[in-house]
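Structures given as structure tokens follow.
Shared between the two complexes below is subunit A, which has subunit B as its partner in the first and subunit C in the second.
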Partner chain A sequence: MTRFRRYARDHAVPLALLSPAVLVILLVVLLPLLFSFYTSFSNYRLIRPDSLWDWVGFRNYARVLGDGDFWSAFGRTVLFLTVALNLEMLLGLGLALMVNRITWGQRTMRTIMMFPMMFSPILVGFQFKYLFNDTIGLVNNALQSLGLASEPIPFLVDRWLAFAAISFAEIWMSTSIFAILILAGLFAMPKDPIEAARVDGCSNWQVFRHITLPFLMPFIYIAMTIRSLDVARAYDIVDVMTGGGPAGRTELLWTLIARTAYDDARMGRANAMAYFSILLSIFFTWFFFRKLMAARRHLGAF
Partner chain B sequence: MRQLKIALFAAVASCALTLPAAAADGEKFDGYTLRVKLIGGAQYEPLYTLIPQWEKATGAKVEVISRKSHFELDREMKQDIASGNIDYCAFSSHTNFAPQYAVMNQPLDDLIAADTIAGFAPLVISHATVNGELMSLPRHSDVSNLFYVKSLYEDADNKARFKAEYGYDLAPPETWAQASDQAVFFTAPPNRYGTHFAGKDEGIAGRFYEMLVAEGGALFDDDWNPTFNSEAGVRALNWFVDLYSKKAVPAGTTNYVWDDLGLGFATGNVAFDLDWAGWAAFFNGADSKIGGNVGVALAPKGSSGKRTGWSGSHSFSITKQCDNKPAAASFITFLTGHDAQMLEARTGLLPTRVKVWDDARAEFTAKGDSFMVEVFDVWGQSMAEHAFTPPLIPEWGEIANALWPKLQAAILGDMSSQAALDEAADEVREVMEDAGYL
Partner chain C sequence: MAEVTLRKIVKSYGALEVVHGIDLDIAHNEFVVLVGPSGCGKSTTLRMIAGLEEVSGGEIAIGGRVVNTLPPRARNISMVFQNYALYPHMTVRENLGFSLKIAGRPPAEIDKATDEAAAILGLADYMDRTPGELSGGQRQRVAMGRAIVRHPDVFLFDEPLSNLDAKLRTQMRVEIKKLHQKVKTTIVYVTHDQVEAMTLADRIVIMKDGHIVQTGTPLEVFERPANTFVATFIGSPPMNLVDGVVAGGAVRFAGDVSLPVPPAFRGRVQEGQRVTYGFRADNLMPAGHAMTGIGETAEIDLTIALAEPLGAETILLSELAGVEIQGKMYNPRPVAAGERLSCLLALDHAHLFDAETGASLRT
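Our next item is the complex of A and B:
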């Protein structure tokens, strides 16, 4: 006790200065987290406030563990993450490399490249819902007018086409995040190693593979970390385009959780699902962070 | 849709000028501001142009703090209940969802005069009554009947070919089996489909539910055990599955809800459409490609001989937390009064007051609008004889949400009808167990 008192006395000013920040974090982050964690052990329903005190132990977690629909949504979210992140990375890298070569009008190109990021995800969802509609959609109309299809293609219904459609929308909106971050990396890149490599007779591919890419990897992993958190909680675009359906074919974790929490009002169970989902975000953050560290070490040794 | 909206507003504005500016009972609430949450959307907004009349008559002001679609409003009110933040007096409700709001919903029996309540259709009042207490004043009712493209049914060539193929005369279907034949017959993709149906959310759950009843089945037994995975249930679901597998409906129908269906039928790409009466004036009007070419018929019968008739009423309620309940009662009485309902009836929305049925029909007759007279006759008969609601329990939303993804799975061919219903029944059983019924 005396040690604590002495510590408090010696560090009174820093502690006092830090306390508002600690207090705010406690109130804004920790309390809601604790509350939602508690409700995941209760039968809490929004429409019955008194059910907050209806303690059900691990029932919500046990049911989530045995819920096939939840685990298919979980698997689909992982697949969605993998597809969206990899394609965004490849397209972003290609875009950045091309824009980097432009000598005239590069600033305008960079601004234009950022346009998709400026739209609200809900609007992007409506835009692609209309484009891919089976009867009045632009894509179907174009395909039929060009004689490439005789019957409407149900883009938002077919299992894989619907998945491709939501992935396309997500990739369309966010590829530029990768492009911008990778472009920043390209700008910061020293020219000497590349020139030295060229003097030594390296081909373009060898220069890219052994010099440019390793240098860009930390930037790519930062973009991956940020985007993995974004995509893991993807909701708006999917909700507008398909609502997770039909028959759960495009159901992602957050469309399922939001429906359980608000439409069904089963907040306790939804929170149990959410805690499983957080594990996914933590895993991807940890994974990319480790990759980032490795890439940096590699760069240091370079 | 925008043109429709403008047309509706124009019609309402001209009518509003001719209506008497008076609240129902002449009460005064000078200086009081009544906070309300109202359902929004093209069909619902015209009524709100009457609000200034109530303000003028009572001296009160109305502050609309939320105007959203039904499902958005539903989510918002659930959050209000959870946070205990109910700082408004009146809200738009729906008889089928009202039991969810029991915590915040003020019973109206002591606030609304008995003779006012007596003006409403008894069946509709019974739908708005939960556990013996009147929870809302019904605004307009919903039940679906058949709209069809007349020229397709009157075409001599169609008649001859249909008779040759199916062995009976082509006429608006009397049974759902006939409807199924006709849907297949009229299909010629991508330009025309036989029909379409609401394929997601509560839409498909409700459509399945009414088909289940028409097939002689029930959602639950007397002890709230799910019974819809019965033979009748499979028959009901197979009606949708068959049409989808025969491509007699657009492939995207599993993503359609009400606006997609209404606007789709108005483009003339669908031979018949089971839909709400609120679309009637639009379907037969100038903004529709089939204007003047629309027929109506009672919803067909299932194999049990009973017609489909999933029904419910949009309504207005008062919160328990309201600080001026007489003002709120006066407001919702005004919005469900005779003149207000006449305004909505002119667009085809079904009145809940008995006298408005007669007066609206007389008005259509006087104007020579035989289509709307027919609409009121068909829907009037439907509301009186065939309409039924889902179970009026708070869990209806959850039950619908447990049902529809499984119904979709069967329709899309991911699983058999029986397997889909069995899985849905397990989920619904869990819902009922958690809610304390089982």
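Our next item is the complex of A and C:
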């Protein structure tokens, strides 16, 4: 105790200055976190506040682990992450490479490229919901008017079509994040190794494959890290477009968690699910961050 | 056989022309140095030979084959860049073997070729390091190794030593010279450093403002500069140049000083012609320090403004007709500022240039 007192006396000013920040973190982050962690071990239901004290041990976790709906939402989220991140990366890479070649009006092009990011995901969701609607949707109307489809295609009803439609919206909105970060990489890239590779006998494709791409990998991994966190918590677009339905066919982790928490009012169970899905986010972040570090070490000279 | 021929090579960026119709023949296995101040078009010319810059006009041929429209990889050249341009994500071994790997050679052959290049350049101990872990000189060696590993028809060097410190530069200069003796190949070397040009070249090409000013062996351009630009650019310290008027077998300067017309120029100048008199510091020395057999001399009395002792010799700064000139004292002794010395000028090594155009009056 005396040691603590002496430390407090010696560092009184820094401690006093730090205390508001510490206090805010305690109140805003740590307390809710502890509370939610506690509730995941209780039978807490929003409509019966006294159930907060109903300690059930690991029952919520056990139920979640044995819940087929949870695992299919989990799997769908992983699939969604994989599809969206990879397609966004490829499209963003292509976009960045093309924009990098523009010599006139590149600034304007870069600004235009950012437009999709300026809309709220909810509005993007509504936009695509109406585009893909099977009776009044633009896509279905166009397909039928052009004679490419004889009857409406159930874009938001069929299991895989709905998944594709949601992915499409997500990719439309966020490809520019990859494009911008990769473009930054292209701007930072030294020209000399590219010229050396051309003299060394590389075709344009080989220059890209052996020189440009390795240099861009750290930038791609940064985008991957940011986007994996983003997509792992995907909720708004899905909720607006399909609401996780029909019949849970497009349910992702967070739509399921929100439904469990607010529609079914099972806060304890929902929190148990949330802790599982946070593990998923942490895994992806860790994975890409490690890749990023390796890629940067690889490029040591820069 | 890989001779390089440039015919009326022009490079322009839009309306701006930077290289104005250069003609140059480089023989098989010749070491040619393009030298000139920055912005003279020497690097651009080299990059056109490499295929990294488009040729705006004229014709480039390597080994008798016109290569104007061929991409760099189809020209069988290799190039050493100013900033080394190593592949940062590859080890030294991978850097060296990269071109062979791209060419699809078998691994055994690649290993043999890289080991050979590493042995020539003393890189054997660094093969598994990445460029980031190497010093400037080592990176430079890797860059050269990468160039020699393929046995190209032509080596192109783009100011390869300008990023090294002075000591290392001297050392690498010797290594490049040795390399050329070991690996006989046509070399085109670009530099702005006249010492590099003098020491390395079989033939020097001096460029200025997109034109070739003079081409010749190092001694030719040193001893018979085509104009005042070459005279001051080649050789250190730069040649002393003093303006004057021809008057009765001598050149009269301001302040009533005169020097005889150098022997090589007698009969080539007219009475009253305005000329620039040029001589190197090496050929102006205090009377007692002259070597024997320096031919015809002229005597000038000079007031020494400053002496710069270099050990083996001392550079003397003085003034002739209001122009600062430099001479050399070959057996140094302390010289005080303001001391008057009687000096000898070796006339066989003096030059006359046209005062207007700066062109040598030798021809």
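The criterion applied here is as follows: the second predicted complex is superposed on the first by the 281 of 302 C-alpha atoms of A that agree within 3 Å, B and C clash if a C-alpha of one lies under 4 Å from a C-alpha of the other, contacts with A are read in each partner's own complex, and residues count from 1 in each chain.
Keep in mind that, in the parts below, a residue touches a chain if its C-beta (ideal position, glycine included) is under 8 Å from a C-beta of that chain, and two chains touch if they have at least 3 such contacts.
Being a predicted model, the structure only gives us computed values, none of them experimental.
Visitor: With the two complexes overlaid on their shared chain, look at subunit A and say whether subunit B and subunit C clash or fit.
Guide: After superposition on subunit A, subunit B vs subunit C: fit, no clash.
Visitor: Return first, second, both or neither, reflecting whether A:R110 touches subunit B, subunit C, both chains, or no partner chain.
Guide: neither
Visitor: Check whether A:I211 is in contact with subunit B, with subunit C, with both or with neither, and answer first, second, both or neither.
Guide: It touches subunit C, and subunit B stays clear.
Visitor: Touch test for A:T242: subunit B only (first), subunit C only (second), both, or neither?
Guide: Only subunit B is touched by A:T242; subunit C is not.
Visitor: In the overlay, answer first, second, both or neither for which of subunit B and subunit C A:K291 touches.
Guide: A:K291 sits against neither subunit B nor subunit C.
Visitor: In the three-chain superposition, say which chain, subunit B or subunit C, touches more residues of subunit A.
Guide: Tallying touched residues of subunit A, the top partner is B.
Visitor: Can A:R48 be said to touch subunit B (first), subunit C (second), both, or neither?
Guide: The answer is first: A:R48 touches subunit B but not subunit C.
Visitor: Taking CA centres after the superposition, what's the angle at subunit A between the directions to subunit B and subunit C, given in steps of 10 degrees?
Guide: 150
Visitor: Just subunit B (first), just subunit C (second), both, or neither: which does A:T135 touch?
Guide: Touch partner of A:T135: subunit B, not subunit C.
Visitor: What is the minimum C-alpha distance, in Å, between subunit B and subunit C after the two complexes are superposed on chain A?
Guide: Nearest C-alpha atoms of the two chains are 51 Å apart.
Visitor: Please output the residues of subunit C touching subunit A within their complex, sorted ascending.
Guide: 50-52, 71-73, 77-79, 81, 83-89, 98-99, 102-103, 130-133, 146, 150, 156
Visitor: Quick check: in the complex, which residue numbers of subunit B touch subunit A?
Guide: 71, 74-75, 78-79, 81-82, 84, 100-103, 189-190, 199-201, 250-252, 254-255, 264, 269, 394, 397-398, 401, 405-406, 408-409, 411-412, 414, 430, 434
Visitor: Contact residues on subunit A for subunit C in the complex?
Guide: Going through subunit A, the ones touching subunit C are 190, 192-193, 195-203, 206, 210-211, 214-215, 298-302.
Visitor: Over in the complex, which subunit A residues touch subunit B? Could you list them?
Guide: For this pair, the touching residues of subunit A are 43, 46-49, 63, 69, 133-135, 144, 150-152, 154, 156-157, 242-243, 245-249, 251, 259, 262-267.
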